[in-house]
Amino acid sequence: MNLGSDTTSPAHPRVMEALMRANSGAAVPYGNDPISHEALARVRDCFEAPEAEVFLVPSGSAANGLSLSALVQPWQNVYCSAIAHIHSDECGAPEFFTNGARMVLVPEEHGKITPADLEAAITEGFERGLHYTQPGAVALTQVTERGTVYTLDELHALTAIARTHGLPVHLDGARFANAMVALGCTAAEMSWKAGIDVVSFGGTKNGLLGVEGVVVFAPALASSVIYRQKRAGLLFSKQRYLSAQMAEYLTGSLCRDLATAANGAMTRLAAGIRKIPDAVIHHPVDANIMFVSLPRAVHRAALADGPAYFMAPEELERGPDGELIPTRLVTNWATTDADIDRLLALMSGPETPVSPAPQEQHA
Amino acid sequence: MNLGSDTTSPAHPRVMEALMRANSGAAVPYGNDPISHEALARVRDCFEAPEAEVFLVPSGSAANGLSLSALVQPWQNVYCSAIAHIHSDECGAPEFFTNGARMVLVPEEHGKITPADLEAAITEGFERGLHYTQPGAVALTQVTERGTVYTLDELHALTAIARTHGLPVHLDGARFANAMVALGCTAAEMSWKAGIDVVSFGGTKNGLLGVEGVVVFAPALASSVIYRQKRAGLLFSKQRYLSAQMAEYLTGSLCRDLATAANGAMTRLAAGIRKIPDAVIHHPVDANIMFVSLPRAVHRAALADGPAYFMAPEELERGPDGELIPTRLVTNWATTDADIDRLLALMSGPETPVSPAPQEQHA
Amino acid sequence: MNLGSDTTSPAHPRVMEALMRANSGAAVPYGNDPISHEALARVRDCFEAPEAEVFLVPSGSAANGLSLSALVQPWQNVYCSAIAHIHSDECGAPEFFTNGARMVLVPEEHGKITPADLEAAITEGFERGLHYTQPGAVALTQVTERGTVYTLDELHALTAIARTHGLPVHLDGARFANAMVALGCTAAEMSWKAGIDVVSFGGTKNGLLGVEGVVVFAPALASSVIYRQKRAGLLFSKQRYLSAQMAEYLTGSLCRDLATAANGAMTRLAAGIRKIPDAVIHHPVDANIMFVSLPRAVHRAALADGPAYFMAPEELERGPDGELIPTRLVTNWATTDADIDRLLALMSGPETPVSPAPQEQHA
Amino acid sequence: MNLGSDTTSPAHPRVMEALMRANSGAAVPYGNDPISHEALARVRDCFEAPEAEVFLVPSGSAANGLSLSALVQPWQNVYCSAIAHIHSDECGAPEFFTNGARMVLVPEEHGKITPADLEAAITEGFERGLHYTQPGAVALTQVTERGTVYTLDELHALTAIARTHGLPVHLDGARFANAMVALGCTAAEMSWKAGIDVVSFGGTKNGLLGVEGVVVFAPALASSVIYRQKRAGLLFSKQRYLSAQMAEYLTGSLCRDLATAANGAMTRLAAGIRKIPDAVIHHPVDANIMFVSLPRAVHRAALADGPAYFMAPEELERGPDGELIPTRLVTNWATTDADIDRLLALMSGPETPVSPAPQEQHA
C-alpha cells in the first residue's frame, strides 16, 4: 500500500492478461495491427464520438504536451491554474511540445478556475494586443489537482467563456474515470458535450501500466498530431502493447469499476480521517484525493509500518507532536478496505481518541 | 512469422514474466523503485561503465532524439548518412529534440560511412565559418540500416576523426546486440572503448516490448538528459515497467541469446536465398537483415501463405514473372528454423530449381 | 512632441551625421569593418570591461531574447516581474530565443522586485525538484517599467540572492542611460560591479535609430551568442550602420547628455503636474517616466492640440469631466522646455486653477 | 571599391536623404506612422498586389526565416539547393524560425534547380510516408547564388511542380531587382504571376542600409507573420527608419536604376575578364555576379592596390603564377566604369597580353 500517489499502484490483472494475449506472434508495427485498431475504436465508442481522432501515448505529460501543441501556436497563451499539472509537474512539457507557448496563470480555489477569472484573463490577453503573447487555449484538469471535481455545469460555464473568445479547451483527464464516476455521468457528457475539444484520457493512474489517450473531437484539430507524435518518439513500433492495455480498459466496465474502487476507498478513508482529532481537510474530497493536515504524532504512528504515503523523514522527527503537518493521500483501484482500516488504526494509535468533529477549511 | 521487420516480433516470455513480477504491489514512481535501480546497474555492468549515466525510454526515436539533444546545439550539424534512421525514419525527431540542429549527410556504401568522407564533411563545416551551421556531432548506426556491421577497426577509425575535430559520437544501437554477437565482442568494446560517447542501446527489436537505453559514458554530457526526458513525457510514473524489461534483458545471457537466434536465422535464410536462381543480394549480410531482389514469381510464391514480409500487392500482380523486385528481410529472436525452411520451400516452388550461384552485387 | 513613449523620438543629429560618415565607400560586411570594431571597443570602454563580449542588434526585444538565450536552458525559469518588458511586451521573444524557457513571475511594487520575493521564488523552484521547470536566471529592468530606478544597493541585494543560488542575472537596460544619470553612477557600477552578468544596453530610446548592445561580462557566457545572433537574422551584412550609431552614442558624453535631457524634461513636467488639482502620481518619478491619473477634463485640454500622449479617443469623450483617467508620460532627449510648458499650459486650462497638493499614492 | 560582395556597398544618397527626412520630429512607433504605411503601399504597388501583406525586416536571413516559418510546419521539408543562401549562409536561420523544419537538398546546375529534380525530390518525400519528414515548401533564389537568373518560363515550370503537389513556393529575392532588370520583366511577372507565394524582396544589396520586404501574396499565409516578426525582435519601435528606405527605393525608378547600374558594371567587367588569357568563367553571367578562375599572377596584380575582392593572402603567396584560383566578383549600384577599368587594367598587367578566347565552362 502506498497512498502517496495513484501512480504507485500496479496494473490490473486483466490488463496484464491482455498484454500477454497481445504478445502471441507477429504483428504489423506502428499501430497498424488489429489490437490497435480495436483500441482506438473502443475509445471512440466510450466517448460516443465516431469522428474523433485518437492517439495512444505512454504518459500523461506526453498526452498533455501533444494535445496542447495541436491547439496553440508558439506565441499563444494556455490559460491554466498555477497548480495545473501542465504548469507545475511536467518540467515544461507544454513549452517543449508547443515550441514555446506560454502558460498564463488563472487563480484557482480548491483547484478550480472560475468563469469570471478565466474571462478576465482572456480579456486582458486580447486587450494587450500584439505586444503580449496571444490568447490560444484554455486548459482544465478533471479531477483537479486538489482532488475536487468540476460539475458538468461548471465545465459548461468555463468552456462557454472559451468559445465566446474562439479558444479551444483541453481537459487533462489523468483521472478522467475517477471524475466520471464521481459525477455519475458519461465520458461524452464530461467532454465534448461539455464543450471540451481535446481530452488527455488517463489510464496509467487507474490500472494500466502506462497509457493515455489523446482524444481530439474535431478532426480539423487533429491533422498534425500523428506527425508530432512520431517525431516525439511517441509512436511505437510495438504500439500493440499500448493498445492492448487501452482496449482491455474499455472492455466491459473495467475503467469505471477501477475508478469506483479508488473513489470508494477514499470515501472510507475520509470518513475515518474526519474522526481524527485536529485533522484539517483542506479541500472537498470529491474523488480519490485528499489534502489533509494531521498532528505530527498521528503521522508518526501512521508511518510506523513503512511509507504509506510521502513524508520527509525529518518532518516526522523534528517539532512538537501536536503540530499539524500537511500531506496528500491518494487511493487507487488496488487499495483495499483492509489497507484503509489498517492505516486508520495506525493513525488512531493504541487508544481510541475522543475528539470534536474536524474542521473543514474549505467549507 | 513476419520477416518484414524485427519490430513485428513479440516480446520474449522471460520478459513478460519479469513484467508480471514487477506488477506485484505498490512501487515508488518515476524510477525511484528497486527494479529501476537494478536495471540501470545492469546496463552499466553490461557496458563495464560504472560511471555511465543511463536513461530508459520507450522507443528508439526517443533514445536517439534525447541522445543527440545532449550532444549538439541548435545551430550545429549532426553528421550521418542519408539512410540513417535519425534522418530517414523518425519524422524529424532529432530536429525536434535538438530544437533545430541539422542532419548533414555523409555518403554511405552498404550503409557504412568512410573516414575519408566523414573527414571531408566535417572539414567543410569548419571551413565555412560562422555563416554555415557548425559541426556538432557524428552519428553512426550499428547494425547499419543496410544490415552491415562496422568492424571495431572501422568504428575506431571513424571516432578518431570525430575526436580530432572535438566532436562527440553517437551510436544508434537499435540492433546493438545483433552487431555485438556478429562481431563477437563486448558491449564496451563496441562503444566507449571504440570512442563512442553515447549509445542508444536497443531492446525493442530484440525481445522487449519497448525499451531502449540512453547510455552516456561521460557524465558531463548527461547533465541535461533527465530534464529533457521529463519534459518530453518520456520519464514515466510507472517507470518500473520499462525497467523490468531491461533488467531481465541483461540477466544471464538473454540479450546475446536472442540476438544470436536472430542472426542465426538470417544465416540459414541467406544460405537458402543464395540458391534461388537470379536472386541478387545487395549488401553483405552481417547480422539479421538482408536486402535482396527476387523474381516476381518467387515473391508471389513466398507470399502465397500470407504477409511473410512487406510487399505492395500491386507489385506482385503487375509485370513479368522474371522481373526482379527488391525487398528487405529481417529475422528476429522468435524466427524458427521451421519458419525459414517454410519460406524457402515456398520460394523454391513445387519443383526444386537448379541454378547458378547468385550474384552478390556488393562483392 | 509625443510623450506617449520615448520610442516616438527622432534620432539625434550627431547620430545621423555619423550614419552619413559611415556611408562613404565600401566596407567589409558582417561587422568586420573598422567602425564596428570601434563601436565594440567603445562599449567595452564605457563599461570598463575590456574582457566583455559585445553584440549589437537592432531592437530591445532582440537584445533581451539573445541575452536570455545565453543564460538559460529551455527547461529553466527566468525570474522576472509580470510587468517586465520581456514578459509583457515582446510577444514571447524570450520563449522564442530560448526555445521555450519559462517566465516565472515575482511580485513587484512600483516596478521593483524585492530580495525577499526573489529569494522565495527561486527557493520554491529548487524545492519542487525535477517535475517543475528549473531555476535558470534572474531578469531585472533598469529604469523599471514603472519609471523607478533601483538604487545600487537594491541591485546588489538582488544579485546577491541570485549568486547565492548560482543563477546569472540579466539587466534589461532599454533605458540604461536614464538610470545611470538618475543614480549619478558609472555604467560599470550599475552593471558588473553590481553583480549583473549580461546587460541589454539600450540606445534606441535615447537618440539612436535602433541599436542595442548585448554586453556579456563573463566571456564563458558569450560563446553561443554570435551563432544565435546570426541564425536569428540579427547579424547584418551592413552591420556598420548599427555600429556607427553606437560609436557616436559613446563618443564624448552624448549618451549621458541625452539621458540628462530626458530626465530633466521629466523633472520639469512632474513639477508642473504636481500642481494640477486631483492629479495622482502612481509611482516615484525617478527618471523619464511618469504614471499619472488626471481628470478627464485635463486630458481633454491637454490633447486638444494633437496626440501629445496615448489616450483612446473614446476615453476622452465618455464620462464625467472630473473622473481620473490614468496615462503614462515619457520624456525623451528631444523634449524641450517649450514642449513641457506648452503641455502644462494646455492642462491648466484658460484660468489657473488653485488646488491642494496632489496625492502621491506611492508615498 | 570592393567587388567581393554587393553587401560591401554603401547606401544610395537618396536613401540617406530619405532617412534624414524621416528623422524630423516624433512618430508613432511600431510601424503605425505615415512613412511606414507609405512604404507598404509602395511595395504592394510595385508588385501590383493590392491584397499582399508586406512586412519590412532588417536582413535577408530574417526575411527568409520569417517567410519560411509562414509556409512550413516543423516536421516538414523545404526543398532547396545545397548552395541556397537559406541552407549555406544563414547558420540555420530557417531551422530557427520554423522550429526545426528540414532543408532537403535538390541538385542544382549553375545555381538552378530543374523541374525533374524537384519533382523527384518531392515525390520521394510523399512516398516515404509518415516516417520521413513531410513535403512542405519549395524555396528558389533569384538571382541564384551562382549569378544566373531563372527565366520566367523556368520559374513557371518549377512552381507548377510545387502546385501540383500542393506546396507553396518561396523566392529568396535578395537580388530581386537585379534579376528583374536582367529579365526585363515586372515584379509581378517574376513573382505571383509566376506562381511564387512569398518573396523576400531585397533592398540591402541594392542601395539600402538594410531592409528587406517579406511579401506574402495570399493573405491566408500571412496571418502569423506579424506575431513571428514581433517575437523575433524584428518589429522595431522606430520602424519608420526601415520604412523610409523602402519607400524611397520604390519611388520613381530607383530600385531598377540601381540594379541596372550593377548589372551594367558586371557586363563591362565580364567583357574585360573574357579577354584575360586562361580565365575560366564558371557560370553564365546573367546579372551582377561572376564566378571566375584566374591565374595566380593575375590575382596578385589585381589585388596590388588593396582588397578589391575576397582572396586569402596565403592563396596569393603560395604556388605557381599560372595556377588558376577561383573567386567570386560582384558588382553593385556604386561600382563605376572607372572602378571596372582600373581593375581590368591591374589584371592585364604592364603589357597587354595576347591570348585566345577564354573558356566558358558552362557553355
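Read from first to last, the chains carry the letters A, B, C and D; within each, the first residue is number 1.
By our rule, a contact is a pair of C-beta atoms (placed from the backbone, for glycine too) under 8 Å apart; a residue touches a chain by one contact, two chains touch by 3 or more.
These figures come from a predicted structure and were not determined experimentally.
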Between B-C and C-D, the pair with more C-beta contacts: C-D
Gap in Å, rounded to a whole number, between the CA centres of chain C and chain B: 53
Distance from the mean Cα position of chain D to that of chain C, given in whole angstrom: 36
Multi-chain contact residues (two or more partners), chain A: 30, 74-75, 90-92, 95-96, 99, 130-131, 134, 227, 230-231, 235
Pairwise touch network: line, ring, star, complete, or other: complete
Touching residues (chain side chain D, partner chain A) in the complex: 30, 73-75, 99, 130-131, 134, 224, 226-228, 230-231, 235
Touching residues on chain B, where the partner in the complex is chain A: 1-2, 4-5, 7-11, 16, 19-20, 23-30, 57-66, 90-93, 95-97, 204-205, 209-210, 227, 230-238, 241, 307, 334
Of chain A, residues touching chain C in the complex: 74-75, 88-92, 95-96, 98-103, 105, 128, 130-134
